[in-house]
Every structure is written in C-alpha cells, then in structure tokens.
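Shared chain: subunit A. Partners: subunit B in the first complex, subunit C in the second.
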Partner chain A sequence: MSMRLNHLVVSHADSTLVDVGTLDFERGRPVTIVGESGSGKSLLAHAIMGTLPANLTARGSLAMDGQTFDLSDRANRRGLWGRLMSLLPQEPTLALDPTMRAQEQVAEGATSFTTDSSGARRTAGTLLAALGLGHASRAFPHTLSGGMAQRVAFAAATIGGAPVLIADEPSKGLDERARTELAGLLKLHLDGGGILLTITHDLDLARELGGDVLVMKDAHVVEQGCARQVLTEPAHPYTRRLLEAEPANWNHAWARRGAPPEEGGTALVSGEGLSKAFGGQQLFSDLSVTIRAGERVSLGGPSGSGKTTLGNVLLRLLPPDAGYVHHAVALRGGRLQKLYQDPALAFPARVALRDPFGDVIRRHRLEPARLEELMASLGLTPALLNRRPGQVSGGELQRLAIIRAMLLEPALVFADEPTSRLDLITQELTVACLMDQVDRHGCALVLVTHDYALANAVAGRRIPLGVAVTERLVQGAGTPV
Partner chain B sequence: MNASTTTRRAIAAPAARVLRQRAVQAVGLVLLVSTACFAIVQSLPGDIAYRIAAGRYGYDQVTAASADTVRAELGLDRPAWQQLLDWLGDLVSLDLGTSLVTGADVAGELGLYFSSSLQLAAAALVLALAVGATGGALAAARPGGALDRITTFWVSGARALPPFLLGLVLILVFSVHLGVLPAAGHGEASNFVLPAATLAVGLSGLFARVTRDAVAQIRQSEYVRFAATKGLGGRLVFLRHVLRNTGVTLIAYVGVQTLILIEGVVVVESLFAWPGLGHALVHAIFWRDIPMIQATAVALALLVVVLNTVVDLGSLAIDPRPRRREVVL
Partner chain C sequence: MAPFDTGRTGVETGKPAQGGPPALPLVPAARRRLVPGTAVQGVAAALLAVLVLFALIGPLAWPDHAVQDLSRFLEAPSLAEPLGRDHLGRSVVARLAHATQLSLMMAIACVGTALLVGTTGALIAAWRGGSIETALNGLSEAFIALPALLVILIFSALANGDLWTLYAGLALSQWVEYFRMVRARSALVLAGPAVEAAGLLRLGPVHVMRRHLWPDLRPLLTTMATFGIGSSILALSTLGFVGIGVRPPTPELGLMITEAFPYYHEAPWMSLAPVLVLSTILIGLLSLRSKEARQ
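Presenting the complex of A and B:
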C-alpha cells in the first residue's frame, strides 16, 4: 500500500498552523519531520490521524490504498485506528493506564480482543517477550522506566497490525540508550513493510532513522530530502540554524570553558561517604562529592542511574542511607535553588504566574523592580505574568523558573534536566539565559542531564553515575572534561 | 524474583500497612471518644442521679431518697476520674458494663444497634453510589448539556436540604399522603426505603459532582486517547479505562464522606425510629445512661474507621500506585 497526503491546511480562526503540499509515503522508507515547537509538525500528524483538537479545522485529503479521505471530517478515519493506522503517543508513561497491567493494555489493541480475549492476551505476551519485556507483562506502568513504557506503548500501538505508524515526539525525555532502542523499534515496523511518519525535534533520532527528512517552520515545509543530505549539508538557513542549536555545535562564551582551577573556592556542599539504595538496587555507595563556589558541575548517566537521587541527597531533600551532607552557611536563606525538569509542575497550575513571584518577593523582602529587570534580560514580556502556567510555552515557563531562582541571588543553582523536554532552539535559548545569569552572579551550577553533549558544553567537571559507581570518586575530583 | 510476585508483594505490603495504621487509629479513637463523652456528660446541667432515677421509676416517683439510692448503687458519688478509669478498665477486658437505666448488658444491645446502623449506612451508600455515579457519568458525556445542568441543580439542592427536613418531607409525601411506604419500623425491606433515601439524596449529589468532574478529566487523559487510537470502541474505552480510573477518585471521596454519612445516620434514625446506634445514643443522652452513651459513641467512631478501612483497601485493590512519597530516579 501507499499513502499520499494532498495539500493539508490546518487553521485556527484566522491563523494558518499547517500548510503543506503533497507528501508521499512508501512502505519501508521512514519519513521524519523535524522543527521547533509550534512549527505545526505535531498538528500535521494529528490531522492525518484524525485526532486534532476540536477547535482546529483541517482541509485536504488523504489517499490510502485507493480510498480517499476528506481530512475536514475528523470521524471518517476512526474505523481505521488500530487496524490501518495507529499513533505512538508522545509520553508513553502518560499514555498507559496507571491502573492496568502492561499485557492487558497491549492485548486490548488486538483486533481479535472482543471475540477472543485470551488469544489476544497470548499474542500480547508473545509480543512483549519479543521486545524483551516478558518479565514485565504483569507489571503496572508506574514500575516501568521511560524506555520500557515506550516499548509497551509500541507493542500496544502495533499489535493490531496497522501498516501506518505515526510517532509523535516519541523520544521526549528519553536518554541516549532508550532513544537508540526506540529507533530500533521503529525500524522493526519498517522492516515489516510498514509506513512510518515520525515527528521529532531530536535530530539524533532523525539521523538514526534515515529515510526522508522534512524541516518545518511556521506551518510550512522549508526543506525536504534524504536524511543524510539534509542533516549534513542543509540548504535552508533555518535548517542550518537548527543544526547549530545542537549542544555539540554550540559556540557561546560560556561553553566548553574547561575545568576550573583546583581549590577554586570555598566548599558549598560537601557530601562524604554517601550511599543510597532504591528498590533493592544500590545506586551509589561511599561516594564523596564537593561542590565549590562558582564551579559548574554536571551529574550524568543514563535514566535510572540515580542522578536525580544523588542530587536530592546533596540538596538534603532526601536522607542518604550512609554518610552525611554538609551545607555551607552561604547557602542559607534560600541561596540554594532548584530548577525542575517539568516547570509546569513547579508552578501552581490554577493561579496567574504573578502570584508565585509576588510570594517570593514578599517572603524575602526583595525589590519588585528586580523581577522586571530579570524579565527584560531573559527576553520575556511582563504581560506573561498575567497568564497561568498552562498558557505559556514550556520554554518560557522554564525561563520564568530561572528568574524565580535568580531573584534570590543564589550561591548554588541545582538544575535537574531543565531542558530535556524542550526543542533544540528553545533549549539553546534557555541554557544561554541560565548560563548568562549564573555567570553574572558568579553562582555555582549543578546540572543533571543524560545528554553528554549538553554536559560537555556547560560543565567544567562531570560526575558520572552508572551501573557501578563505587569509590571511583575522591573528594572534589570528578572527570574533568 | 519475577514480576508477578513483585506486584503481589507491592499490593500486600500497603494493605498490611493500612490495617496496622487503622488499628492504631481505632484504639486512640476509642480512648479519646469515651473520655470526651464522659467529660461532656459530667458537665451537663442537672443531677445525673435524678435523671437516672426518673428513667428507672418514672418522673412521678423521683424523690431525694430514690436519687440517693441510685447514686449509692452506681457509685456516682465517687470522684469522676475513678468512674472513668473503671470504665476504661472494663473496656480493656471488653466489658461494656450494664445500662444504668435498664440494667441490661450494654454489649448485647450494642450488637443489635450496630448491625442495624451498618445495614442502613450500607444501603444508603449503595443507593447514593448507584444514583450519583450514574448521573455524574451521564452528565460528563456532554459537559454543559441539559443533564449536566440538571445534576448541578440537583447537587446544590440536595446539599441545601438538611436530612431531618428531607426526611420529614419524604414521610409527608410517601407515608402520609400517598401511603405507599411505612414512616417507621424495622425488619422489612420496605422499611429501608425512606431512611436510606433520606441519607442517600445528599450524598448522591456529591458523588454525582465528583464523578462528573473525574470522568470529564479522565476522558481528556493521554491514556484514554491512546486507547481510542489503539482501535478500541467508545464503549470499551469507557468500560476498561474511564470507569476504573473514576473509581479511584470516587472511592477515595467516599472515605471523606463517611463522616457526613454517620452524622446523618444519627439524625435519620431518630426521625424514622430506626433501632440503630444513633437512636440509642440520643436516648442514652436523654437518660444520662453513661455506659450506653460511651458505648454507642465509640461504636459510631469505630464505624467511621471501619468504613474508611474498607475504602482504603478498595482503592489499593484498583489503584496499585504507591501512596508514600518515593524516590524518583
């Protein structure tokens, strides 16, 4: 079979959100759409699938196997879901029902589920085992890692045998290993003669998939072609800009400054002989870490290696199983601040952003003008403060979180995967804002990230966490990069 | 260790923790409630001995002499703390004492009261859940639609009507005017209808509201959307995903509302002469029957704990996620 998308226009009121010409999809050849958030790439996927939000209108047609579907009618493809076309969702951990076991969630996707549910369960068990999840078929989603949840979601999306698979930002928040695994899954679908459309802002995933790449910007496709061609010799300036935004290509004053001089400053946080186990797994033992004033340290390692846990132990948000953590007097009075991975969870959801900022200003008797000053220097308009967290973009919200942390002129900022959910260009902007502020105030920075390129660009010293990190680190030393 | 033993253990351990916590809570509550009851009765105006004598012999026969007899017989002239300690001591050996008025064994009577109150509360809860959850789920199908507006009206109406007033209205309509249902009595199925309905109306409004919001929110969730694109039809998505996850919210909410339910039980039992704990409590207070007051109050408090324990175990059974703050790796 083949699939062809004919002149798709998605609009909201007067604004056009997607406007693309003809796109052809063939079996076995992946098509990947890259671009920043808001470029319309996700909407394109949902318009094909028929899952656009109700307030958007679509025009255009989709031809599949001789049948033509009018895209303005969102219901005419419902009967195809699971059998002819299926969607691999953006956040696998949210897309799995928290109260249902993995195998059951996969089995219900089988076309035979309503007639032969035990047969569907057996098929689901076989499929999960083939994906290396035989042991987890009876597990509930909260016990699965991001990568495992992704594999369960893949099994659930493909068990119905739909030849068309649409993957919407499937690598969001996944580390390098999980992303490679994901690419393997998607190739599995292609090898079975499937059609694959992947929406991503992750250029590494696009490289691993190969095939055709389309670059979208402001509702339009600005460049398209073979992946190797587009991602190495970009023709369009926007594609070049996208490639430059990858941390490995950053060229900022603060990037890659190398290791700071030894004994650089006073110790702000010192942890000695730290051990922590979680769920029967030893994350780290007898680990000693010192964070000095003004230095930039990264905590790296794959998901599940305990980097967030170590961070929380160092912040004294969690007690270690053994050892102790000492904080310098300089960190008292809120001069130790944390940035969270998902800023939407770090602000109260139902009040205007002005309120949480007002609280910080009142509590610490700060000069209100300082907020305006910081907003201006991070390129945000004061009007944003009248909105709720759900009404600003992820990148803007993370910059607001940086401002909230910086209001207190911290001596140490602890940033936990602050940009792992942002697209490349927004990530660069956000990190640039963070580094600019950190430099200006001379405060120390601990960055938790699974992205080695980002860690290399930002930090002068890296504390790697892995499967067996024991007694590898002595006080104050990590691996200078 | 394979995954299924892990998950089984993951559910068994929290269940044991719930039972442990609730047991500790029950013991603390018994001490607190019985002491508070005792103190409150002591502080009530009037001589207790006279009231008890009136209960035993009738108002006409109450004299200083009969009151003194009662006082001496029951040891009411001893210091209050001694009387309290006596009662608590007896409680430890599970002896609830004898009624000061009738001389009957409190434990024996309490069993009867407890079971009839439990029946009434359970009937009301089942009725409220059946009506409320169905109404809420239907209202959520079209937010802002006619049914949704009707439920909103019903919720505020039901909350504005206190149980004693609602009970009276129901008696007037169904017993006095229509004559289809008995206003009082116990033992037959038809006796359940009016008291259970009185309790259920207020609760069902709350349950409808909570169900409506939960269903509307869950229908927007990623996992419901994913279930749809997997190819599940609307009915299956509702049955397999929406219903179960609504249950998580609703069951937890039932736990919060048990207090309102038990509070209603006391009022409704008096109104419909239902021979339960609430009815017994009101009478015991009237006659200053201290052992009976303490026993019924403690039993009511334990009823709250029992219902909450059932709620906790129920929500553990359908929602396996950990309750405690756990480390996120």
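Presenting the complex of A and C:
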C-alpha cells in the first residue's frame, strides 16, 4: 500500500497553520518532519489522523490504497484507527492509563478485543515480551521508566497491525539510550513493511531513522530530501540555522569547551558521604560533591540515575539517607535558586505572572525597573506578565523563570533539565539567556542534563551519575570534560 | 490507553509560538470568567434572588406567624392572604417567610462554620504535617465513620431541638468533607515545584496562601459550599419532617410539609408552598453550581 497527502491546509480564523503540497509515503521508508514548536508539524500529523482540535479547519485529501479521504471531514478516518493508521502519542507516561496494567491496556488496542478478549490479552503479552517487557506486563505505568512506557505505548499503537504509524514527538523527555531504543522500535515497524511518519524536533532521532526528512517552518515545508543530505548539507538557510542550534555545534563566548576545572573558589555547597535510596534502589552512596563559587558543573546520567535527587539533596530540599550538606553563608537570603524542567509548574498556575513577580519585588525590596530591564534584555515583552503560566510558551516561560531567579542575584543557580522540553532553536536561545546572566553575575551553575553535548558546551566539569559510577568518589574536581 | 490521544495538541496550537506563525487568539482567563452564564443560570440566579428577598422582607411584611384564628380554619388564598390559612388559622405566607429565612440563615451559618473549620484544619494539617496531621486525620476519619444523621440526632437529643444544637450538629457533620478535600488538594499544591520555588525565593507563607493555595481552592470551595447549602436546607427540613428538628411553634419548611399532610385534599396550597420553596432553592443552587464546575 501507499499513502499520499494532497495539498493539506490547516487554518484557524485567518491564519494558516499548515500549508503543504503533495507528500508521498512508501512502505519501509521513514518520513521525518523536523522543525521548531509552532511550525505546524504536529498539526500535520493530527490532520492526517483526523484528530485536529475542533476550532481548526483542514482542507485537502488523503489517498490510501485507492481510497480517497476528504481531510475536512474529521470523522471519515475514525474507522481506520488501530487497523490502518495509529498514533504513537508524545509523553507516553501521560498517554497511558494510570489505572490499568500494561498488558490490559495494550490488549484493548487489538482488533479482536471485543470478540475475544483473552486472545487479545495473550497477543498483548506476546507483543510485550517481544519488546523485552515480559516482566513488566502486569506493571502499572507509574512504575515504568520513560523508555519502558514508550515501549508499552508502542505496543498499544501497533497491536492492531496498522501499517501507518504516526509518531508525534516520540523522543520528548527520553535520554540517549531510550532514544536509540525508540529508533529501534520504529525501525521494527518499518521492517514489517509499515509506513512511518515521525514528527520531532530531535535531529539525532531523524538521523537515526534515515529515510526522508522534511523541514517545516511557519506552516510550510522549506526543505525536503534524503535525511543524510538534508542533515549534513542543508540547502535552506533555516535548516542550516536548525543544525547550528544543536549544542554540539554551538559557538558562543560562554561555551567553555575543554576549559580546565576552576580551582580555588570558596565552596558554596559541600556534601560529604551522601547516600540516597528510593524504593529499594540505591541511587548513590558515599558521594562527596563540592560546588565552588563561579563554577559551572553538569550533573549527567541516564534518566532514573538520581540526578534530580542529588540536586535536591545538595539544595537541602531533600534529606540524604546518610552524610550531610553544608551551605556557605553566601547562599542565605534566597541567593540559591533553581530552574525547573517544566517552567509551567514552577509558577502559581492560576494567577497572572504579574503577581508572583510583584511578590518577589516587594518581598526583597527590589527596583521594579530591574524586572523591566531584565525582560528587555532577554527579549520578552512586558505584556507577557498579564498572562497565566499556561498561556505562555515553554521557551518564554523558562526565560521568565531565569529572570525570576536572577532578580535575587544568586550565588548559585541549579538548573534541572531546563531545556529538555524545548526545541533546538528555543533551547539555544534559552541557554544563551541563562549563560549571559550567569556570566554577568558571576554566579555558579549546576546544570542537570542527560544531553551530553549540552553539558559539554556549558559546563567546565561533569559529575556523572549512574549505576556504574555509584561507588565512585566524585570529589572536588570531578571529571574534567 | 488511548492510542489517539490528542490532549497534548494544545501545546502546539493554543500557545503563541516563538518566531512561528501568528499566535492563535487567546482569551485571557479573567475575561473568560466574566462571560455571562447560560440562560438557565440566569433564571436560577433570578429565582434565588427572589427567594432571598422573600426571606429578608417577608418576615417584616407578615410578622405574625404564630397568631391563631380558628374561625379562619383552612381559609383559601385571597389577596390579603396570598397562601391562605392553615389548620390552626395561621397565615401560611407569614409562616413560609419565616421558615425560608430560618432555613437560609441556618444553612449559611452551618456551611460557613464547616468551611472555616474544615479549611483551617486542613491547611494546618497539610502545612505542618507530622503528628498534627495524624491527629486531625484520625478525627476526620472518626467523623466519617459516624453517619451524619446520627451526629445531628445525638446533638438534638442533648438539648431537645434547640436551634443551636441543630446548627452544631449540621456543622459538625459537614466540616469533614471540607477538611478532606482541602487537605488533599493543598498537599498536592504545597508539594509542587511552584511552592518549592517560592520557598527558595523566600516569599513566605502569605504569598503561598494568596497566590498558590487560595486561587486553587477557591473554585473547589465555591462548588462545595453551594452544594453544602442545598444539602443543609434539605437536612434541616428532613429533620423537621420526621419531627426531630425545630420545635413546632417555630415555622420550618419540613415541619410545614408534615403539618399540611392531613389537609392536602382540602388545602393543597398549604403543602405545595413549602415544597415549592424547597425545590426552588435546591434547583437554583444546583443550576448555579454548573458554572463553577465548568471553569
């Protein structure tokens, strides 16, 4: 079978959100759409599935196996779901039903589920075992790691045997190893003669998948072609811009690639003999860490290795099982700040942003002009403050979080995966804003990230975490990068 | 599992994108709340307003709810007596006005007390944790184990139907739900990164209360209180109906229904009037509530 998308236009009121010409999909050849958030790439996937939000209108047609579907009718593809086309949702941990065991929810996707539920359950069990999840088939989603949840979601999306699989930002929040696993899964689907459309802002995933790559910007496809060619010799300036935004290719004044670890600064945070276990799993033991003034350290390791936990222990937000953490006097009075992975959760959800910022200014008797000055220098308009956190894009909100932290002129900023949910260009902008401020105030930075390239570009030394290094003593200098 | 989950598409559609296509028009949250409700809610609000007016002005217009005139036994409605007279020749409209006032005032007092006690206890428990939380939690569980009616009965047995015992019994049976809802909700908010960030910014408890907890709890509490007023009025009239509520000379909706029962054939207006008031209050409150739920 083959699939062809003809002149899809998605619009809202007067603005066009997606406008693409003809796209052909073949069995066994992956198609990957890359682009920044808001370029319309997710909408394209949902327009094909027929799952667009009701306030958007679509035009165009989809030809599959000689049948033609009018894309303006949302309902006509509903019968194909699961049997002919299925969607691998983003953030599988949120898409899975938290109250159902893995095997049960995978079984519900089988076409035979209504007639033969025990057979469907058996099929689901076999499928999960084939994906290396045989031991976890009775597990609830919250006990699974991000990569495992992704495999369960993959099983649920493919159990119906749909030849067309659409993956919407499947690598969001996954570390390198889980991403390689994911690429393996998607290739498995291709090897079975399936059609694959992947929407992502992760260029590494696009590279691993190969096939065709389409670059989308402002609702249009600006460049398309074979993955190897587009991602190594881009023709369009926007694609070049996209490639330059990868941390490995950054070239900023603050990038400290290969810089020797700083010595001699006063110790701001020193932890000795730290141990912490969660749910029977020892995350780290007898770990000693010192963070000095003005230093830039990255905390790295695969997801689940205890990066965030170690950070919270060092921030004294969480007590260690053993050992102690000492904070220097310089950190008192709010001079130790934290940036969060999801900035939308770091602000009170139901009030306009003006209120929390106003409270910081009043509480610490700051000049209101300083907020305006910082906002201007980070390229944000004051009107953003009238919105609630949920109404501001992730990149802008993270920059607002940086401003909030910088208002108190901190001596140490702890950034917990601050850009892992952002697309490449927004990530570069956000990190540039952060590093600019860190440089200006000479404050120390601890960056938690699973992205080795990002850690490499930003930090002077790296504290690796993970099963292999748990027993290792990471003292003072750590591992120079 | 929903393989076709579209819940997250809003991320790409609803928010203004950086350097991307023009943002979709966003309706600011504040304005959204000012959008007038549906016609049903308008009617409900109007009906409730009429009833409140009746409860406020009625007792002044018809002050003599206890004056008996046996010669005017079961008199039919007239211009001077819009709801006629009951089996003891008392003015039904005067009794109805006093009963409505009593029901509304009692319900508001009970819900107000339960809300205040429950919320305060819950905030203390969620904020302080430790043994205080364990103790308050145990107390609330003990109250959940007791049927609400039993609590009220025990209290009314204490002082034989005095108003304050009814008030105390109703409030005591209701504070638990506020306690448990608010504790669960605020524990979630207090454990979140937003409050952690506020702690690192040294913003203090007033900020957490005002910006984090209150905006989150307010819609919840409004919904619960609207429900609570309805169920208090119903509970009060149920108690009156079975004869263990307010003592007889005092007009009360449930009591009036019971008293009118034997005469429903000769004087249907007598039993219909309190039933009508009761159902209007309940339906009005429920129709108003849907506005909060949709927020």
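Assume the second predicted complex is superposed on the first by the 471 of 481 C-alpha atoms of A that agree within 3 Å, B and C clash if a C-alpha of one lies under 4 Å from a C-alpha of the other, contacts with A are read in each partner's own complex, and residues count from 1 in each chain.
By definition in this document, a contact is a pair of C-beta atoms (placed from the backbone, for glycine too) under 8 Å apart; a residue touches a chain by one contact, two chains touch by 3 or more.
If you're wondering where the values come from, they're calculated on a predicted model, not measured in any experiment.
A.B. asks: Aligned on subunit A, subunit B and subunit C: do they clash or fit?
C.D. replies: When both complexes are placed onto subunit A, subunit B and subunit C end up clashing with one another.
A.B. asks: Looking at the overlay, what does A:157 touch: subunit B (first), subunit C (second), both, or neither?
C.D. replies: both
A.B. asks: Taking the superposition as given, does A:94 touch the first partner, subunit B, the second, subunit C, both, or neither?
C.D. replies: Once the two structures are laid over each other on A, A:94 reaches both partners.
A.B. asks: Answer with first, second, both or neither: which of subunit B and subunit C does A:350 touch in the superposed model?
C.D. replies: The answer is second: A:350 touches subunit C but not subunit B.
A.B. asks: Taking the superposition as given, does A:177 touch the first partner, subunit B, the second, subunit C, both, or neither?
C.D. replies: Neither partner.
A.B. asks: Compare subunit B and subunit C by how many residues of subunit A each one touches, and report the one with more.
C.D. replies: Higher number of touched subunit A residues: C.
A.B. asks: Mind working out whether A:49 is in touch with subunit B, subunit C, both or neither, as first, second, both or neither?
C.D. replies: both
A.B. asks: Looking at A:86, would you say it contacts subunit B, subunit C, both, or neither? Reply first, second, both or neither.
C.D. replies: A:86 sits against subunit B and subunit C alike.
A.B. asks: Counting only touches as set out at the top, which of subunit B and subunit C does A:240 meet: first, second, both, neither?
C.D. replies: So A:240 meets neither subunit B nor subunit C here.
A.B. asks: Should A:408 be classified as contacting the first partner (subunit B), the second (subunit C), both, or neither?
C.D. replies: Second partner only.
A.B. asks: After the superposition on A, what does A:29 contact: first (subunit B), second (subunit C), both or neither?
C.D. replies: A:29 sits against neither subunit B nor subunit C.
A.B. asks: When the complexes are fitted on the C-alpha atoms of A, one of 76-84, 148-156, 238-246 or 310-318 in subunit B overlaps subunit C. Which is it?
C.D. replies: 148-156
A.B. asks: Taking the contacts subunit A makes with subunit B in one complex and with subunit C in the other, which residues are shared?
C.D. replies: Common to the two interfaces on subunit A: residues 49, 51, 81-82, 86-87, 89-91, 94-97, 100, 108-109, 153, 156-157.
A.B. asks: Going by the contact rule set out above, which residues of subunit B touch subunit A in the complex?
C.D. replies: 2-4, 6-7, 10, 221-223, 225-232, 236, 240-241, 244-245, 248, 318-322, 327-329
A.B. asks: Taking the complex as given, what residues does subunit C use to touch subunit A?
C.D. replies: 1-22, 24-26, 28-30, 192-194, 196-198, 200-204, 207, 211-212, 215-216
A.B. asks: Mind listing the subunit A positions that touch subunit B in their complex?
C.D. replies: 49, 51, 78, 81-83, 86-87, 89-91, 94-101, 108-109, 111, 114, 135-140, 142-143, 153, 156-157, 160, 162, 278, 283, 303-306, 308-309, 312, 318
A.B. asks: Could you pull out which subunit A residues touch subunit C in their complex?
C.D. replies: 12-13, 15-17, 36-43, 46, 49, 51-53, 56, 81-82, 86-91, 94-97, 100, 105-106, 108-109, 152-153, 156-157, 168, 218-219, 315, 317, 333-334, 336-338, 340, 342, 345-352, 355-356, 359-360, 363-364, 386-388, 391-396, 401, 404, 408, 425-426, 429
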